Amino acid sequence: MSYSKPLNLIIEGALLASNDPLSLQDIANLFDKDKPSKNEIQKTIDVLNDNYKNHSFEIVHVASGFRMQVRKGYDDWISKLNKQSSTRYSKAFLETLVIIAYKQPVTRGDIEEIRGVSVNPQIIRNLIEFEWVKVVGHKETPGKPELLATTKKFLDYFNLKSLSDLPPPSELEVL
Amino acid sequence: MNTSNTNSNDTSIVFNGKTITDIPEDLFIPPEALRVIIEQFEGPLDLLLYLIKKQNIDVVDIPILPITNQYVEYINMMQEMQFELASDYLVMASTLAEIKSRMLVPNEEDEEDEEDPRANLIKRLMEYQKYKNLSEKLDEIPRLNRDTFIISRIFANIEKKDTMPTIDLGELEIAFQEVLKRAEIFASHEIQSEALSVRERMSFILDIINKNETIKFIDCFTYQEGRMGAIVTFLAILELAKEGLIDIVQNQDYSMIYLQSVIL
Amino acid sequence: MSYSKPLNLIIEGALLASNDPLSLQDIANLFDKDKPSKNEIQKTIDVLNDNYKNHSFEIVHVASGFRMQVRKGYDDWISKLNKQSSTRYSKAFLETLVIIAYKQPVTRGDIEEIRGVSVNPQIIRNLIEFEWVKVVGHKETPGKPELLATTKKFLDYFNLKSLSDLPPPSELEVL
């Protein structure tokens, strides 16, 4: 293959300029001809990442693909940028999210049963608005309640590749 | 299993600069603080777990009588404080009362296949505890904009045009109707095209003030716009002042009037 | 000076994560104590740039400060990126834009109140990036929230001469 620029720099530039994580396929699609193989792209990413050891950023693999991000440990300074205070989520919000993540697909009723309180509809609305949760169907019970599940965006946000990367329930809690 | 081991973060709140880590045994505490403590609980299961932990009780063997008493006492306290009691708490109180009564007066008829009345409650408590812990763990996972930061779309030397969405005015109209349907924000029919011009002018003036901090009142007007333009500008200035977004200053009578940003 | 991270990496991370160019002062302001001098920051940026020789990106000095950008010569690949982003076409995106257009100047809080859900910060970021929306000031309420308004570009895009050419709500209500 020969491009006017080296493959590793094209991939680096693309990851830096992209709004969203890029899958191996997305990266391959940037090339009109002489498409690099996925294997080749993956290897190039690994090498890039090795070279980023002495930098503040890295390429991480999340659910929807590869993404450049600033490493952990810089929040003291960076959180002062962009005036965006990092959001703290309420216990109710996190508990609802966690139940959807671990028990999906679930209905509101399921969540209420576990938490012992009615679900604040605002929380579900917010989760859907963030595109962390979506309606994946309806349960065949009276009222046909919506079945909720988490999305790739949810995993992306928490730097996770798949649901199986979620922390396992600890031994203690298992009866 | 002894849940007291997992007693990681109990209700701990700060009120008037003091950290309150425990439910008060008495009421020498301002009612507002109590409200804060009560609001710390996510519901009846959360409260029950708290009471069990506080007593260092093995959750598998809940002594139902003291717990029920405490729970009811607690609810009475909430009522005394005139908090709106969520029905969920009352349901839990009655569940506890029922378990208690069934343990005191065993129903002999179907005793054989009847399980310990506490079993179901224990199951629910443990299930809830599991998700409660998991939600604490989820909160600790490195997440975007708190621990790691997405690299903001780096400017690349390319035409930005094709990155623009293609939306036509029709789509905007549809979106607008949706908004209207959801919230009757414009129900008053007040917003006519003129009002919109005023809004536009408000943004325009704010923008200038933002850049210059202070501008002369008369500089807001352009004579080419004629009378309508002047009226729109004037209304915009009044509206901005009314909403507290700008200050209108005049150092002495008949002197120049200035508009300035509220934050200096 | 000693921070838990080296100065050059803090600056690198900040430039990468920032939405806007950062001036020397902006960078100094990221530090609560032991603020590096402007001179020191400038030197660090120069050294960083030297080290980026073998990378696809560089730090450039523009009117409002320093920013990271992908070097020239990568358009062939990068222009294929970001064609579509779900957040841009979503209902939430359009509704947010519409509320800003009709109710400007508005704060995020206003938008949240009308829509009944929290505003996805990515949407506001995209709107500002397109230059359809800009911050025109800050409201004098706790937290001094930003006041958002639409721009000329927004009007141009929709071929409108002024906001009053937007469909008036009364007409729509008849529909």
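Letters are used for the chains, namely A, B and C, taken in the order the chains are written, and counting of residues starts over at 1 for each.
As a convention for this text, contacts are C-beta pairs under 8 Å (C-beta built on N, C-alpha and C of every residue); 3 or more make two chains touch, one makes a residue touch a chain.
Owing to the predicted nature of the structure, the values given are computational and were not obtained by experimental measurement.
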The larger set of C-beta contacts, choosing between A-B and B-C, lies at B-C
Outermost chain relative to subunit C, judged by CA means, is B
Note: subunit C sits from subunit A at a C-alpha centroid distance in Å of 21
Taking each chain's mean CA coordinate, subunit A and subunit B are separated, in whole Å, by 24
Residues in subunit A with touches to at least two other chains are numbered 13, 16-19, 57, 68, 70-71, 74, 78, 82, 84
Residues in subunit B with touches to at least two other chains are numbered 149-154, 156
So, in the complex, the side of subunit A touching subunit B is made of residues 13, 16-19, 57, 60, 67-72, 74-75, 78-79, 82, 84, 86-87, 89, 91-92, 94-95, 97-99, 101-102, 113-118, 156-160, 166-167, 169-170, 172-175
In the complex, subunit B touches subunit A at residues 1, 5-6, 42-46, 86, 88, 92, 123-124, 126-139, 141-154, 156
So, in the complex, the side of subunit A touching subunit C is made of residues 4-5, 9-10, 12-14, 16-20, 22, 29-32, 55-57, 68, 70-71, 73-74, 76-78, 80-84, 122, 125-126, 129-131
In their shared complex, subunit C is touched by residues of subunit B numbered 149-159, 162-165, 167-169, 171-180, 182-183, 185-186, 189, 191-194, 196-197, 199-200, 202-203, 206-207, 209-210, 244-245, 261-263
